[in-house]
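Both complexes shown next keep chain A, but they swap its partner, so chain B is in the first and chain C is in the second.
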Partner chain A sequence: MELNVEQIGDVTVVVLPGESLDASNAAEFKQAIATVLEKHAKVVFDMSQLRFVDSSGLGAILSCLRQLNARGGDLKLCGMTKPVRALFELVRMHRIFDIYNTRDEAIGAFQLAA
Partner chain B sequence: MKAIILAAGKGTRVRPLTYTMPKPMIPIINKPVMEILVEHLARHGVREIMVNTSYLAPAIENYFRDGARFGVQMAYSFEGRWEDGRLIDEPVGSAGAIKKIQEHSGFFDETFFVLCGDALIDLNLTELLHVHRRKRALVTIALTEVPRSEVSSYGVVVTDDDGRILEFQEKPPVEEARSTTVNTGIYVFEPEVIDGIPSGVEYDIGGELFPALTATGAAMYGAKIPFQWLDIGKITDYYRVIQMALRGEVHGLAMPGTQVTEGVWMGLNVRADLNRCHIVPPIYIGGSATLEPGCTLIGPSFIGPGCVIESGAHIEKSIVFDYTRIGSAAHLCEMMVCGGYCVDASGTVIDLARTDIDWVIADARTPKKPLSEEQRQFLTMLEQWSGRIPAQL
Partner chain C sequence: MSVQSPEIAIPITSAAQAEFDHQIIEELSRVAAPLAEHLGLALGHFARGQIVWLAPDGHCPCVHATEELIPCLNGAPPEGRRSEIIDVLTEGKSVGKIVLCGRVQDAPVLLSMRRLVELIIHQIDLQKDQEALLQELSASWDSLAAVYEISSDLRWLESPQELLDRIVSRATAMREGLRAILWLEQGGQLEPVAVKNVAPPAPRSAHVGLVGKALKEQREIVINGRARLTAAIEELEPELRTAANVAITPVATRQGLLGALEVWQEDDQGAFDSRITRLMETLALQAAMVIENDRLHRALIESERLRQQVEIGSKIQQTLLLGQPPRDLQGAHIAALTIPSQRIDGDFYDFITHRQHCFDVIIGDVMGKGIPAALLGAATKSHFLRAMSQLISVASGAKLPRPDEIVTLVNAELAERLIRLESFVTVCYARFDLERRQLDLVDCGHTKTIHLHSEKGTTTLLQGDSMPLGFSKSEQYEQLSFPFQIGDVFVFYSDGLTEARNASGDFFGEQRLAELVHAHGDQSPEALIEDIRSAIVAFSGSETFADDLTCVVIKIGRETEEAPLAHSELEISSDLSNLGRARAFVREVCQDLSRPPLDEDHTHQLELAVNEAASNIMRHAYGGRPDQPIQIEADVFADRIVIRLSDWGVAFDPDQVAPPRFDGSQEGGFGWFIITQSFDEVKYARDEQGKNCICLTKYLHSGKGGSDHGTERRTDR
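Coming up: the complex of A and B.
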């Protein structure tokens, strides 16, 4: 899985690829994102392309947060489509993640916190 | 007095509810919307009701049967055929439905009402009939006003000062609408109207019959009698209507069950210790449901019969259909859970089977499955990160 990674100051923005993050590609995503999470502490996932996430996809995103937090880093999410946002709320993940409407807002939140 | 209820539609805009039930059977706090209509017709002296059916016809026909338990006589005109062990829908349109019944038996031999089977109304039908007779009309349409921004969802009607209908505009763009008065789908017809419906073809009342009658100068009148018209045209309308019903704002609809405390109604055989749940009325809890201690219900919310609400689950301004298990991790806010789908108040749909979250929402009749290792890890992370002590692991 090829990830579109962009560095903006000290914030790393990753565009989650494809329309789905589910059982078919969650393991592949975890593998691809591992190097990003190892090298960077302030990470934003741009989720604007994602239309569907299942249980495995939710687990993959949550494990990214866990890895970053364990190393003192943080993960923020932006650009969530309505179906994905609805699922996040349904399983309470909206209370765990910082979720922003736009990429700029997510990046700005890191800068404010600094 | 006679009537026809139009009940053949597929209700595509009310999916996913209508994947498993025809639109007239959509429940308004346990009672199908069409049952409320039948009771209303009976209150206004209607004793013989024909219903045209097609999509999921048996659900309607098996529920209402001959109408005796509603104090009326009912029969059905099925539009379709039986082939290879299943029913094939072949709807003939709203006007075509009336023609088909008339050609079968000449049933419509006096003034009759025509109603859509999917709207909640408290219209004084007796008064509508008086208007119809006073005007010596061929057709009288119950009209209502809507905000200009909404006209493109309706059939717009233009009348003169005497109420005579001059023009119809079927779902016009806002800028082209010539009035904000709309057709509610409630009519009084004289039998002669049926002569203008072509035989053996699909034909619609609003889109074809009425414009044709207007062109011939037929005596068509509109009646603006104030009434509550709750059209369940879209899935989001359904959410709004149930919220209103729970707040006691739907005219003539009494809450079923027993009011156990202010604003909390229950069916029979509910297992719940309300002192150990966080409850904010108004709430309806259907028969044989289970509320585990530690769950939260914030109204207006409807919990269908046979549901299980686990400890820790949060349900707020939501509608949960029959036999649903809501797991401890679930957070439902302005949601409807029905038939394997979750729909939020804006119409966004989550397919629960595809999402593979049966540890959050499942059928309550399915034995609870042990969590997979992946699900267990996920829930553990969720609980740790949200700062709660795992309750069910």
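Coming up: the complex of A and C.
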């Protein structure tokens, strides 16, 4: 899985690729994102490409958050499409993640916090 | 044989006629003959110039008469006898006669038997099944009343002691001042089994005294005059100390001596003559039959006689006691089970359909066993139909009589008889109103009804506090009302079911039954009943039971089992890469409704839930193997979408799914939660072939395009 990673200041923005993140590619995604998470602490997932995320995809994103949090970093999400947002709300994960409408807002949140 | 009675018009013999005669004889032999024999009546079938005695045990001289000269058949029974002649009619023509003959004093029993025989003939004539007979019986209250009379007589006749007491009383009624003892010989000892006008003496040797002499010589002994009773006899037979005349008749069957009937008087009112001794012989013969019958009954459990009893019992049960569950109900599905025991008892049930949306279930149990209990059950059941029609006829308009009214009336009519017979009947009268979704229940001391609430997944036991029928004539019965929902299950049963025992003597019990219903309530009533049956067989380790097991299961369903407007199917292999295909399938179903398509939010939600279900199957049921089959079917109805996912992997237990944690501490475990949140009904079932099926139902509410979360949500096993 090829990830589009962009560094903006000290914030790393990853565009989650493909239309769906589900049980079929969640493991692949976790593997691909591992190197990013090792090297960076402030990470934004741009989810605007994703039309569909299932519980396995959500689990993968949750694991990213936990890895970052464990090392003092943080993960912010942005650009969520409506169906993906619906899943996050359904399982109450919108209360766990920091979710922003746009990539700039997410980056800005990191800068404000700093 | 060419002899015909002048009034019998016998049609030309044909194969059909022979077959008809054969059927009549077979049916009468099965049902009526054992009863007739039991009641001491002669029963014969006369057709085409031939008489066949099906029950010859009636002391009717006709049994031994040549066929030209059968007095009973010609309407001139011998003195003291009474006969009933029944025309055998088929298609309105007389093709033979049935002769019933008994003692004059047995007239009511004869009349009852006549009705029974008429019913049997009518049944064969109509060539109808048992259901038809039931209808016939329901329509004919008179006939059932007659059957009921038999039950009273049988009950009375069932006690040999009472019969022997009556024989001894008859012996003393021959003239004034008589005293009598009926002695029974057992292992060389004489025991007084019945006495009249004397205190029962202690048992004594069978080899002493006058009685001993009569037994030894196997003959009647008559002694007239005090002088001839020796002192020796007096010591051995103290009751004869002051006797003037004595007569002793051995009680014997062809098989041997049973005992002796002894009669004496203290005031000499004339010698005992042949009139007395003839009567004594008759009474001794009757006593012998009673004792022999009783011994047969006790000793030969596996005998033909008992087999016949059981057969009569099961015949009565099938035709009179057990109604047919209605099949054409909209919104309810009924199944019933009976496992007859070695000896029939009085379990009964019946169903009355009022409208398509309303029906009654009556289930009852008569205290006692055997044919009397069975007949009492039949009579009670018919009383309900009768009470119902009585109340309808006096009600204004089309108002249906309430269950409490019906039960109160039935009890008022039956109570006195039940009290006299020292019996009572427990009954559960249930009315299901499918429109109002309400059960009205009158529970008269019956077993607790099990109610499975499909929505909550709980069971409750419904119980009233009314008396059984036959406790008090003036009892006012009260009904209780219980609401129910679609998918709810009700189980009615007899105590034979909960009182089945295992090897260590424990009852099966209502708790086990309720748990069984709870665990298997999502199945069809037939499947549930089969599960109950096998559970009880497994529990008791036996296929046969001491009591009849009766069980009626009612499942509330949708009003109609309508065909779907659209049906589609997809078969995929268990490769995770196929999840997208499963989602596309769902999307297509949702967008292709022959109604406004489901909105985007709900479409996505169903996609997500089906994705989760399929993903669970691939990862858990099939353990990640990518080449296993998964079947997805979708049915679209006017008001709902039903999606079923089937697999042949390992079983899934929804009860073992831990609730998800929403605090971010857990990366998985959301799948089942998502499924149950997205569909209104989620059911999982595994069949015997190892097929797992998850059935997901989404209701389409007009205007909204889907239901909100949190309403009408159900999770069933």
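Methods note: the second predicted complex is superposed on the first by the 114 of 114 C-alpha atoms of A that agree within 3 Å, B and C clash if a C-alpha of one lies under 4 Å from a C-alpha of the other, contacts with A are read in each partner's own complex, and residues count from 1 in each chain.
We adopt the following convention: a contact is a pair of C-beta atoms (placed from the backbone, for glycine too) under 8 Å apart; a residue touches a chain by one contact, two chains touch by 3 or more.
These numbers come from a predicted model, not from an experiment.
Superposition of the two complexes onto chain A shows a clash between chain B and chain C.
Shared-chain residue A:89: touches chain B; no touch with chain C.
Using the contact criterion defined above for the overlaid structures, shared-chain residue A:4 touches neither chain B nor chain C, since it reaches no partner.
Applying the stated contact rule after C-alpha superposition, one finds that A:101 touches neither chain B nor chain C.
Look at A:24: by the touch rule set out above, it reaches chain C but stays clear of chain B.
Within the superposed three-chain model, A:63 lies in touch with chain B and with chain C [touch as defined at top]. In the superposition on chain A, no contact is made by A:111 with either chain B or chain C. Superposed model on chain A: among 42-50, 348-356, 600-608 or 618-626, the stretch of chain C in collision with chain B is 600-608, the rest showing no clash. In the superposition on chain A, the residues of chain A contacted by chain B and by chain C overlap at 23, 52, 54-56, 58-59, 62-63, 65-66, 82-83, 86-87, 90-93, 95-96. Every residue of chain C that touches chain A in the complex is listed here, in rising order: 576-577, 579-580, 583, 600-601, 604-605, 607-608, 611-612, 615, 618-619, 660, 662-664, 666-668, 670-671, 673-674, 677-678.
By the touch criterion stated above, chain A contacts chain B in their complex at residues 23, 52-56, 58-59, 62-63, 65-66, 82-83, 86-87, 89-93, 95-96. Residues 329-333, 335, 342, 344, 346, 348-350, 354-357, 359-361, 374-375, 377-378, 381-382, 385-386 of chain B are the ones touching chain A in the complex. For chain A in complex with chain C, the touching residues are 20, 22-24, 52, 54-56, 58-60, 62-63, 65-66, 82-83, 86-87, 90-93, 95-96.
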